[in-house]
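First chain A sits with chain B, and in the next complex the same chain sits with chain C.
What follows is the complex of A and B.
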């Protein structure tokens, strides 16, 4: 029989006496404490083997958790980028605007429409004109999105915090442009210079006019810098010959109240489409949903592989203890108790592994919590709608989920070894040398 | 005006009929307004020169008034049939290879016209000078019995003009000698020069002109008039997309 090595503080005398008392307490059960003690000691009999298994579980759990925070970070980032980039959580648009944007799909805002919004649920809103336009400098021509804004309302978009070289727009009547750094580079132009904008007016005729550049903004993505050109909303309405706007963008203070806000907006704008950012930015929404799924996929792959290691270890442990288990059975231990022992062992290993894994993940996380700089890959990331700084995000539910799923897998893994242990026949086992 | 159409049109101004009081506007206006209602037919060659290649194309052009023009390539075979129609503010181009004409989107107006150093804008901007620029005479001199005016054209602040400034050198008989386009830092960017002045179709006109970027010597586009028929009888059907396709 294998040498018994108790854990620190274990007391062999005590356990033996409890076992001898067991039948007196009830023939079908051994006390939980005794069961734990048995399992605990069995684990300590093979420190190296169980240590390796434990490390494998800890590393896997830590890995899954860290990957998880990165995926969540990516998810939040894509969502926020999508919302910051003039989308907002909810947008009111004329039907057909998305397929064919233009001022002919503008709309009139009824007075006091904003009363339908619950001030607690909404962080802010902005009414804008957004039309495709062509912009020209002496040297180059580019296609852009021309956005007429009221600068005071733009606290809800990236423009509010963007660094600006030169001046910001002073009001909605400001007939100057704020363009992105990338576009300014492409056009080889500077603040104070004139650019020519060509776009389609409300009557369908081409409008062209020169506009001075007030300032040049920097955005986190160069894609944004080359796409959006801002000017005062009233000034743009003058050029287009209209009093309409093409969109109202609403940023929520409280994301879960999206549906409620959308319903309220739908009553204020009966003939218009009220769309959530998921409908407006389907690519970002798909990526966000994909992050949710991929967290489970990664978990199942990594932990699934580990389960085989766990099964293998447990089966080995059972085979080594055939004589011992046979003896216990002969002395009257019920099959149920044998199963309980194997399951407990498996769960102990898993629980310890998960605990260490979470601790390791926490340690690594604190090192990268400020974000991982991926500026070198700026352009390729931008095409996925991501910023170059990658900030991992911990969600408590994810950690709990990983822990619970790991323990559940530990239970599943103990099924086969337990079955083997139950099948041991006391007589055969005792005859083995 | 430093444009093909503009040149064709401006060249139809009767020579020697000087304005009463010479101002920048009157010179410009004179060159443009005296051609109102006139029609013309011209044949010319356009040579595009690049550091590694050069090619010459033959063009026929019809104009009516200041607004309408049809320009058709007749040679080489690769380009023959390619045509551009201008009516008022709008332009169409026809590509025989795909057998379709299409309206030029505003985004293409500043692109090069058929690979030359002229842009579509250069072709279409004939009459906008008076509206969008402050014109003044920067310099006057006498040369070879002509008064040579150097006009300085400064675009208005909200003008749909990318240039910071243009200068135009013009003879008192409205023959344009040179035009220079400046960026908004007032550095010259591209320049058009008249290489040869001659008699054609009964008028004194610039018969050869060259447009080139200022900083590149080995890159230019030259236009040379071979035949000009001013006050030609051009039928109205010439300025339709049907005619653009080559139908008569």
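What follows is the complex of A and C.
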């Protein structure tokens, strides 16, 4: 084989300068504007096929986003329910109280202990006595949690906002009861009537006393209504013969400062346990953590399935246009520009589908933003620590994450058809029928 | 003597995909001077299209040397061949091969965009080229809105707008009726004579051969005769 002149060199950049008398900038690189113009028009070229593909992407994205709002709603609901139901973010308890709750595991609060709390981090706190007790009406008997409270401190729990039939407790010396609606139904009683409470005093002896019902509260979960009976803290301490409390519950204004607050409380209560709501409500904590993982799992399942469809459609689209792509190569478009065109087209389809999906999800979300009424499943939901009115929650980071991950998946999916497009030689492509 | 634009020396192209190798070109020698219009003629399978394709860098010879405008193109990488086609060669295909989503003007501009020519200059050059081919009114029409002859004229405009050193046309009249073919050939003759565009056409259409300055006849992959 003879050569009259040497080849222009293996480096495409060098070879370009030999062939070209065109301006150096942007030479033989398909301009971005042309790329987008081309891709946009090609979108409209096969309207039915691209319409179906766009619909599939939009439905998948909307589905994942709506599922995310439900999972986030469930996550927030379980977390807030756990925190609202007398737990708070952080609680101080005597060691062993969780295994064997009783007044014998009460403790005295050191003076000015609350000085250790940062007012900016803490929304409020409540010191309570909580003991197991038996409550009796004329007709029925039930086992309950008898809770002595200072009503002024209960702004941190559900009791503060709960609807009450009758009257609320007026202070920590109030020697009346506030019971839940479910318990009132079980005991067949009403506000103003008397109930008898039996519990164990600090000296180990059984204490029994009659209390009048001040009011009947309604909680979002019927389990709560049947479990908790409230009275004034001083009144309960009198009954039990103690000045101790059994728990201090702290609600944070700034949840991320939980560890810092726990450390501060540990210095004030050296011999006591300082526990987070995750330790106190492990089931709810697990469900909350599971919700985070679930979002990614659902995304990967739904979008993973979609990617196969996307790749299939893109390969079909590329094969349909193989002559055209071959012609572009024949005219001088570089292989990488062909890749760029195919990738841009699929990215544009994906971006349009994602945008439609987000809009659809936003529309559906606006219809259910006030909450979904699941009262028919109240008991089942309560066992998961959820409220019967389920409020979906949108987190901007979830929307951004789904959008970015979808576009990334679309980008990855488009490289296979793009490779197919450039692997075929221009001449072969032109000769295809 | 005019400068040689294309020089082929002992160019062979063998397709070895079948059990028996097919020799599409066998040691072909071919020269093309600047300003010539040569037709490659011969029956189907004679090798005329293959010769056109190897000259245009769309196919690589299995043996031999091809120099286009001073550049040895055998063994060039795909990207380098793309550059060569973009800057030195204009193609006119049998099936027009315009981009269906672009208007005639955009199809012509497209090639200048690839070259990195600025917006104002490429618009002006594209309009001037369409005008010189007598089809300024087609500027805003898309290929689907044009006749075969009109599309082929736009394809020629696209091929010459970059002022290539060589225009390659593969069976340009194959899909056209006689009147349109004559119009098309008049356009090519005008380009060849007035602008000095060097043209190679692969054809078996006697009307096309009648317009060219030289005819190279091929048979079984070999040049059998050549003459004016």
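FYI, the second predicted complex is superposed on the first by the 405 of 433 C-alpha atoms of A that agree within 3 Å, B and C clash if a C-alpha of one lies under 4 Å from a C-alpha of the other, contacts with A are read in each partner's own complex, and residues count from 1 in each chain.
In this text, contacts are C-beta pairs under 8 Å (C-beta built on N, C-alpha and C of every residue); 3 or more make two chains touch, one makes a residue touch a chain.
Small disclaimer: the values here were computed from a predicted structure and weren't measured.
Colleague: In the overlay, answer first, second, both or neither for which of chain B and chain C A:193 touches.
Modeller: first
Colleague: Tell me the contact category for A:41 with respect to chain B and chain C: first, second, both or neither.
Modeller: second
Colleague: Just checking: does A:206 make contact with chain B only, chain C only, both, or neither of them? Give me first, second, both or neither.
Modeller: first
Colleague: So in the superposed three-chain picture, is A:136 touching just chain B, just chain C, both, or none of them (first/second/both/neither)?
Modeller: The answer is first: A:136 touches chain B but not chain C.
Colleague: Once the shared chain is lined up, is A:331 touching chain B (first), chain C (second), both, or neither of them?
Modeller: A:331: touches chain C, not chain B.
Colleague: Identify the partner contact of A:423: answer first if only chain B is touched, second if only chain C is, both if each is, neither if none is.
Modeller: neither
Colleague: Look at the residues of chain A and decide whether chain B or chain C touches more of them.
Modeller: Looking at chain A, the partner in contact with more of its residues is C.
Colleague: On chain A, which stretch or stretches are contacted by chain B in one complex as well as by chain C in the other?
Modeller: In chain A, no position sits in both the chain B and chain C interfaces.
Colleague: Which residues of chain A touch chain B once you look at their complex with the stated criterion?
Modeller: So the residues of chain A touching chain B come out as 134, 136-139, 141, 143, 175, 189, 193-199, 206, 208-212.
Colleague: Could you pull out which chain C residues touch chain A in their complex?
Modeller: Touching chain A from chain C are residues 7, 9-10, 53, 56, 58-59, 63-65, 67, 70-80, 82-88, 91, 93, 95, 97, 99-102, 110-111, 113-118, 158.
Colleague: Which residues, counting only chain A, touch chain C once they are in their complex?
Modeller: Residue list for chain A touching chain C: 1-8, 10, 12, 15-16, 18-31, 34, 38, 41-42, 44-45, 323-324, 327-337, 425-427, 430.
Colleague: If we count contacts the way the header does, which residues on chain B are in touch with chain A in the complex?
Modeller: Those in contact with chain A are residues 89, 105-107, 109-111, 155-164, 181, 183-184, 189.
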